[in-house]
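Below: a set of structures, written as structure tokens.
In what follows, subunit A forms one complex with subunit B and a second complex with subunit C.
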Partner chain A sequence: MKVKVKSWTGVATWRWVANDDTCGICRIAFEGCCSDCKLPGDDCPLVWGQCSHCFHIHCIMKWLNSQQVHHQCPMCRQEWKFKE
Partner chain B sequence: MAGLSPSERRLQKELMSLMKEPPPGMEVDSDKAEQNLNLWTIHMKGAEGTLYDGEEFQLQFKFGPKYPFDSPEVTFVGNNIPVHPHVYSNGHICLSILTDDWSPALSVQSVCLSIVSMLSSCKEK
Partner chain C sequence: MSLKPKQVDFNKTWGSLQETIQGVITLGNVRRATWNDRFSDIYSLCVAYPEPLADRLYQETKLFLDQHVTNLRGKVLESGERNLVNSYYDAWTEYSQGINYMHQLYLYLNQQHIKKQKLSEAEIIYGNYTGDSQEQMEIGELVKLYVDIFETQFLEMSGEWYKSEASKLLQTCNVSQYMERVLQVLHEETNRSVRFLHVSSYPKVKAKCEQHMVADHLNFLQGECVPMVAEERRHDLANMYPLLRSVREGINILIDAVRDHICKQGLEAISGLSGDNISTQFVENMLAVHKKYKAFVKELFSGDQSFMGALDKACSSVINHKFDPKMPSKSPEYLAKYCDMLLKKSSKGLSESEMDDKLSQSITVFKYIDDKDVFHKFYAKMLAKRLIHQQSTSMDGEEAMINKLKQACGYEFTNKFHRMLTDIKISGGLNEKFHSEFVKTNEIDLGIHFSINILQAGSWPLGPTVISSFSVPQELEKCIHMFEKFYHGQFNGRKLSWLHNISQVELKLSYLKRPYFVTMQTFQMAILLLFEKNDAMTCGDIQTVLSLSQDQIGRHIASLVECKLLTSNKEVSLGLPGLFLFKYQDQIGRHIASLVECKLLTSNKEGDIQKKKSTGDIQTVLSLSQDQIGRHIASLVECKLLTSNKEELTEDTEIRLNLGYNNKRTKLKISGAVQKETPQEIERTVSSVDEDRKLYLQAAIVRIMKSRKQIRHNALIQEVLSQSKSFAPSISMIKKCIESLIDKNYVERTANSTDEYSYVA
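Up next is the complex of A and B:
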């Protein structure tokens, strides 16, 4: 039997490469978006700290903006510095 | 989860996980919490082998609209307030994670565990 492919459709999936499944701040999966966003992906990206902990960027920014003096990682309390 | 605010969405998740897998000796009053997601009551048993073994306490959690960026207000309520150097007779708890050392990665569960552990480390009432 010979099969002739007449057309095909490519399908791709994506996922963040994070060392955890859920954001420690909003508790929503990294594959999803933070509770202020509608769509996951580039509009609601993840960011890493130098301590290697990772959050939705909107979640960590809300936390850092709410802190007047020390900017600490919510997970390990080390000083929060964005990983380049 | 439509119509829930960000803080309510997180509280809803925490409530589900506390109901499904409650830590030993703890039980959330789920009917009450479902009626008002911002006010929870948790029944807590004193840990075995400690000064509070056999005692039961009630913890009240009040959550503001900025939870988890703001800490919850946690107090002992009811007719059995634990006798402890860091618990006032009106139920107020002196615990750093409830004020200056709060982190949004903490949760109702981790706060409860800290409180049980705070009680358990007491050697003399």
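Up next is the complex of A and C:
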């Protein structure tokens, strides 16, 4: 071997991959954060429901808290369960 | 002696008593026995039988004292006007001492009779007045008397004297001597007033003196301020300050002079800087100026707030000075570079506290900078580089600096910086977890030592990540694959994009006489790895294998050729791209035009200019200096209007592994083209700031419009100005932003008014 790689320090950025571009509740891009946050990223994460719909966690929590009886996905009206 | 009341012959007793008190009041010689006798005489008079004679005694004594005082007055007057004060003083001292003794002699009368009676009398006269207010009234009246008969005249006379003294001094003295004298006079007057005059007089005397010796000659004193400041005559300035301060508005000229002077000194200190470390020179010279004049103000002007204000104004105008009115000030960039220099690992060997000190000082400069957003841009870029390439001296140092910035400019300003630090810390944890859990339990052999920085897109100033196509070398593939698997197991719904353009690798070169350990960029490594089987390749081949863009390949090969690890069969000049992209379009246009004019180039209809000429020919025709010709031609080559037979890596350029590479050091680092801050990168940073500002302003305008619904043009401009803290937007920029918002239908002009806007919901 003429040249051997000793060590490598990689650099990568991460971003959300969701099935939609914007959050169905606040209509703000998933790239951004919900209207209550200032910075996107770890502080304003996304969550998926078992129905495969995705929202800002803050948005869906607000929605669920406002529902008295059944917790439903605001998009498809199925029962809302967090995807593990 | 019996204390019983008895009959007393008043006249007889008073006769001998009078004799004694005459002695007492004139401080004459009174024998103890006589004194004792008179003491009992007074007692027996007071308790005399059948009726007490106290009142009579009181009357007689009063008459006697009246008589005595009248005599004293006569005597004092006799002694003539010249000795008036002295003899009055003597008489007064004698009398007051005597009266003290008399009080002792009359103690019984005073205590038993007079006090009781007087008090009731006082009550009758003054009703419920207390003793205190009565006293105060008397003092008030006295002061009025003092003002009427003495102070007014005294002030007038003093005024006259000051006036004549001032004009006398002005004829004989220069300004420093004059000030010296005036201060002395003031000092003397102060001492005198405190010792001899009533407290209320001191400010009046002082005001009078200042009026006649300073305010009347204000123009003269103020005229001297500018040269005095220019020459920094410290002693004189220290004298000037209290004098001018006493006159209203008088000090302003001095403040202005000091401000202008600091401004001049500051500009001198930061202009004409040259060399590699302009940024260091800039910051340190500026700090030296600031420190010097801060001490100056503290020492000479006792840290007066208005002078501190002048210092601030001067520093801010120096730091934000535009040497070229068309270009933004370079200060934010310099300051960011200075911080970078301090925080970067280097051989300078600054101790931690020294570094902290210097960083704190740089905050001083930071506070004066108007374009804080430009600083933010540069700082973020440099911070990113330091963090990704592990060049920071210490994370604590980084954090401390960011906290300093936060203190100076608020959380909003630094939250991206904090985010970056957090990302690096999280990455450390991820690395550990990856290796200790994932790699170990799955018994994976990565083949190389691997670590990673996972950054949150958006918080890092890495620009738009143009993911250039790149075939990852086999050696790295496993790492990437395994880590992605691990990462997706850890986090849901996240996608990683690898930034090979900024990742680094350490290589062992074993094909040379001795092994070398080289740190370089991933792309460079990829190129080098291609030479495993053969020693020579063409650029075209390299590009095909790595599927990198031509531009990228060119740069990375060039950097490897530059450090002699590779050789090229063509002469490769590297300075070129960086140096000449910076040219303005219109400048290039002008130069081309000039070339066309002198018929070196011809222009065809499409505007393409092509003609073969050797550099030498061009130079002889234009008779420009070699240097200039070189530059202009390069700029033309750059914009592809000219092609050159040299200096370009083309597809068929052959690149060879340099087998004769030799270096004294076995551990080295190749800084790639990307890592150097090229002029065009700086240019890009500056222009991206402009873009950000526009967005910021537009957002601000929309916010204001949303809350106001309707607003007049000037009011809107004012509000926008007050909202933008990190930079000072130009009015024209705000106008442009309003225009573009009108175009985008966020805002419209109100129908019946020319200068009013309304919000379009």
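Note that in this section the second predicted complex is superposed on the first by the 71 of 84 C-alpha atoms of A that agree within 3 Å, B and C clash if a C-alpha of one lies under 4 Å from a C-alpha of the other, contacts with A are read in each partner's own complex, and residues count from 1 in each chain.
Just so it is clear, a residue touches a chain if its C-beta (ideal position, glycine included) is under 8 Å from a C-beta of that chain, and two chains touch if they have at least 3 such contacts.
All values derive from a computational prediction rather than experimental measurement.
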Practice item. State whether A:66 touches subunit B only (first), subunit C only (second), both chains, or neither. Key: first
Check your understanding: Is A:48 in contact with subunit B, with subunit C, with both, or with neither (first, second, both, neither)?
Key -> second
Check your understanding: So, A:39: does it touch subunit B (first), subunit C (second), both, or neither?
Key -> second
**Study point:** Per-residue touch tally on subunit A - higher for subunit B or for subunit C
**Key:** C
Exercise for review: Based on the superposed arrangement, let me know which partner A:16 touches: subunit B (first), subunit C (second), both, or neither?
Suggested key: second
Study note, to complete from the structure: In their shared complex, subunit C is touched by residues of subunit A numbered 1-18, 31, 38-42, 46, 48, 54, 83
Review point. Where on subunit B does subunit A make contact in their complex?
Key: 5-6, 9-10, 13-14, 66, 68-70, 103-105
Review point. Once bound in the complex, which stretches of subunit C touch subunit A?
Key: 388, 390, 412, 415-416, 419, 422, 447-460, 462, 465, 475-476, 479-480, 483, 487, 491-500, 502-511, 517, 522, 525, 528-529, 531-532, 657
Practice item. Over in the complex, which subunit A residues touch subunit B? Could you list them? Key: 24-28, 34-36, 59, 62-63, 66, 72, 74-75, 77
